[in-house]
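What follows is a set of structures for review.
Presented sequentially are two complexes of chain A, the first with chain B as partner and the second with chain C.
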Partner chain A sequence: MKRSFIANNPSVLIFIACLGLFTLGVTLMSEAFGTAVISTSFVKTLGKTLCLCLVAIAMDLVWGYCGILSLGHFAFFGLGGYMIGMWLMYARTEQIVVASLANAEIPPTAQEVTDAIGNQIFGVVGGSDFPAIWAFADSLAIQLALVVLVPGLLALVFGWLAFRSRVTGVYLSILTQAMTLALSLYLFQNDSGLRGNNGLSGLQNIPGAEAIPQSEISIYFFWASALALLLGYLLAAWVVSGKFGSVVRGIRDDEARVRFLGYSVEGYKLFVFTLTAVIAGIAGALYYPQAGIINPAEIAPIASIYLAVWVAIGGRGRLYGAVIGAATVSLLSSWFTGGQAPSINLGFYTIDWVDWWLVLLGFSFVLVTLFAPKGIGGLFDYLVRKGDAK
Partner chain B sequence: MNQALDLGLDALSLASIYFLAAIGLAITFGVMGVINMAHGEFIMMGAYTGYVVQQVVPDYTLSIIIALPLAFAVTFAAGVAMERLVIRHLYHRPLETLLATFGISVALQQIAKNIFGTQARPLTSPAWLDGAWVLNDVVSISYIRIAIFVLALIFLTLLLFVLNRTRLGLEVRAVTQNPRMAASMGINPDRINMLTFGLGSGIAGIAGVAIGLFAKVTSELGSDYIVQSFMTVVVGGVGNIWGTLAGATLIGFLQKGIEFFNPSNTLAAQTYMIIFIIIFIQFRPRGIIALKGRAAGD
Partner chain C sequence: MSALLEVSGVSVSFDGFKAINNLSFQIGPAELRAVIGPNGAGKTTFMDIVTGKTRPDEGSVLWGEKSQNLLKMSEARIAQAGVGRKFQRPTVFEDQSVFDNLLMALKNERGPLEVLFYKRSRADDARVEALAEEIGLADQLHRTSGELSHGQKQWLEIGMLLAQEPRLLLVDEPAAGMTLAEREHTTDLLREAAKTRAVVVVEHDMEFVRRLGCKVTVLHEGSVLAEGSIDHVTQDPQVIEVYLGR
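== the complex of A and B ==
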């Protein structure tokens, strides 16, 4: 008899419960709907963290389960952010422009409005015309579709090229890193059409929601992020369970053997690569409205390596590991770099964590790789085994 | 004609910079198969060593002469320490070497930032390297670039000599091809791995001094070169010095060539170059000069 999906994945239920409790707790402590223990900016930080957990799940799927160490998934994340950012910025600027032109003696023509918006958005890089890629920026529906389509298509084409010619292992990592570098260098140009190194800004202002205070908007985005994380987790858990998941893990462990068994290894890899790119894009589209700004530095190759670092620290090859790793490291990072961590006075030298956090992170990452290759998730295994032994 | 010559010289000097930055990597990655993400930070350490020496020794000519071997010594030591403490334990897990060395890279970069601050430090070249060799109105090349070209040539010769003509080179190649067989022939693979890694790192240090002479010395100096260096090695073909030379030449000429058509925009040139490399690897996944047979491994 076939066992149900939940019975095969007991961790899914635990995860749902934890996420639900966490969401409820944050909501009850927020400024908008609760006791205002947590500031709005911290709600945003938590919401962003949930998005990072989602992209970490994508990374875990492609690396921990399929064995492709992609150093490009943060590029997909950023692309998703850019796609939603284009609409946010366009629609918001349009409102401002229409409001300022409303008092003009002659009602402005549509062309005048468009020109004024172009001036507003691209004045900073010395342009005023809309590049072709902004053609659909006025339509939320199309930009939302692009959030999925752009990272998905890029991953599809790139993955097809790379997997077809059997680029594997570290070569693939370097290739994906090259792709990320190319993309971020391209976006750094002023004539890339996406405002060069200024990036897109003011994304926290949601057009049409001016009446709603940021404290409430932050909670709505927090809920949306939690929901996306939940769905992403369920999807990932469903993908890795069952026959499909076994083949994917087989590819990780011995690609050649799976190929000899008659499976289309390239097809499986391409599917996982593209699917995770789409998940990353969606996570990015939720992240950047909460961050408020996106610029090409966000998708520099180093960001994607950090993503791999989170997954490795959390424990790859297990979905909850990715979530734990991303949440722990990114929250600790913002705690340490936010200047809240107490400095340590050594007498002759004071360790200021703003300066030394990255050193600590770097070395602790070396230690995790050396002594705990299974990451934090491996700790659970150890505890469970200890419990069984008793 | 003159323009082509000028472009050629520019491309040649860029190629020699890439070659210098990548040659150490060609040894650690190409010969040993170790992904060292901290390679860029070794370059940075070399550059800072040069800077520190200049603070102590005011004479620029003398300080460069001291800095080159000192940079080699510092990064050689750092490389050996890293190999002993970290990489040794990860030889059978190449992807994790990538992540562990990335951790080291992050830490080293931040330490450099804490010590030297975020502003760029000058590494001044001696007066006799100032100025340029002017052929005519169009064609000219600065002496620093000539010096770097010469340095690259010296390294190429030196490495070819060490790897092909010395006892150490023989043992390195033996360990690379089959460590267990080499061990049973009385070679100590641990020692060889340590020395090879130190050699690759030491060369990165010297490259750092050279690069520091014309680029700004910052804690991010290394990360500017790391991806390009890896691409140089991969495009050229992993596992031999000639491949790296071919890769650096291809990338140097390509980048200058693209810049020639769109001179205002070096970012675009880099972007197109990387896209070209990605496509290139589709057709020659093993690089320009691919190893054949068993040594190619997988």
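== the complex of A and C ==
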């Protein structure tokens, strides 16, 4: 009766194999460690895609398994990015400032250095003083802890308030949209302390690693993203297998019934909501150093809706579905909007994919919802059943 | 013998309509009781109040030897304290196996962390198998419960209730939609369960209630109209007028 975790989850093994081969393949084709078939910028795109797959897994956990349609998980992703971005920007600016003041006749005081850094970072929004939230920006360790703590605490407080009042279904979705919108609007303000709509930039320059070319750094981040995705997948697979998974799926299907079994539904929801917010934060912290820039537009409500679309297209309630959905749709999206997709000339009208991609995406979402509610992942079920029938 | 559950002077109204009106009810620790009454008599609301789903406007609901106040507890806490409820329509988790359904219901720690790190023990496996035997689903353990017949789902739900090891079982119309043979099995299950715990059966079907052979409480317009043996209440002129006479 008892079987090991892997034996109960054959898809985990397949996933590990696929991810391993993919990582090896990209490494061997990279500019830094291989044949330079794929460019550094494309390595970054792929690394970012892995981070998006990780946040999609978080979304699948909270929505596909627990039934909470959160349309605010990109806020947690963005916050993770901002937290690591603060250290990256501070440490990098500090180096530049110290280097430029090195030739000064009188050695600069610590205060002068701090002021100069503040000037560099906040000059663009007309300030030079460090806001209180930058208090720990000089410490990598603390900012790394904040990558987990800030999204985690926000989710804990928000979730506690929402779940305790038994807000469910579409009302909860609206509430999460409001959360991410409010956060994004707040960050757009110049005096938010995070440089308003300029956001944080230059994040691809890793302080202390100037000697290492971007081609190599991109591979390191790619590896880190792959590792994070692997660990996230294993964690999620472990969480949804076994009794916890049973309870969580029970909550999705019939919340009241689970309550009458004696489980505190609110506690479970809060746990899943917070856990997935933390995963999203970590994914964001890996994503933005590869993207190089983060600004409040990243956590606009639409971003979280995309996240739900990826998971729906990939197939919710199955972890590999989330990965497939996020990878496929986000890569297609960057292909279509990047101008690479050939325009279609109809004679009287030219379909320009940069404009029409969203229409195509919206249309596919409608089609998937209507005709393949299990998404791309449902296709695997179908194939497996067909194989069994033979 | 002190009562396990003591409901006294409870009233609740929805938008001015008094669903429960100064209702008092008692049941001992090992007793089978049928609650009957016409539609709108407040049977379901009564169960909602005991299980914590609905909060009454006034009155008290006391539980157990320590006379805990159930009105101050959440649904989950009440369930943990030992009140199990079976709904009218069978509600099992359809996309999970019979085994998983029973395991989820099995009396154990209920906190998220305990459940996350829960390891199935041999004792738990044995318990689930024994329960499956009792409800006649021993050979169906690994079937998805959505594939079961209506009657089997009812039993699975009763099995889940027994797995919770409740001290009080509230059962809403267990015989609805069952065949004669299934009814007999259900009667046996309930009578067996009532040997060690309190069982309240809410039922429409007079034949089924007669078969249970227990004390009957008749509800009407939110309060108790009559109480006693089935023969006693069916001869009560008031009961005949409001319920049987229709």
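Just so we're on the same page, the second predicted complex is superposed on the first by the 389 of 390 C-alpha atoms of A that agree within 3 Å, B and C clash if a C-alpha of one lies under 4 Å from a C-alpha of the other, contacts with A are read in each partner's own complex, and residues count from 1 in each chain.
One rule holds for everything that comes next: contacts are C-beta pairs under 8 Å (C-beta built on N, C-alpha and C of every residue); 3 or more make two chains touch, one makes a residue touch a chain.
The model shown is predicted, which means the values in this text are computed figures rather than measured ones.
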| item | value |
| --- | --- |
| First (chain B), second (chain C), both or neither touched by A:Val323 | neither |
| Partner chain in contact with A:Arg259 - chain B first, chain C second, else both or neither | second |
| Partner chain(s) touched by A:Ala280 [first = chain B, second = chain C, both, neither] | neither |
| First (chain B), second (chain C), both or neither touched by A:Leu46 | neither |
| Between chain B and chain C, more extensive residue contact with chain A | B |
| Which of chain B and chain C A:Ala228 touches, first, second, both or neither | neither |
| Interface residues of chain A shared between complexes with chain B and chain C | none |
| Residue ranges of chain A touching chain C (in the complex, touch as defined) | 1-2, 239, 242-244, 246-247, 249-250, 253-254, 256-257, 259-265, 267-268, 271 |
| Complex contact set, residues of chain B against chain A | 35, 37, 86, 89-90, 93-96, 98-100, 102-111, 113-114, 223, 227, 230-231, 234, 265, 267-268, 270-271, 274-275, 277-279, 281-283, 285, 298 |
| Chain B-facing residues of chain A, complex | 69, 158, 161-162, 164-171, 173-175, 177-179, 181-182, 185-186, 188-189, 191, 301-302, 305, 308-309, 312, 355-356, 358-359, 361-366, 369-370, 373 |
| Footprint of chain A on chain C - complex, ascending | 51, 53, 74-77, 79-80, 84-85, 87, 91, 93-96, 100, 103-105, 110-113, 115-116, 118, 120, 125, 160, 164 |
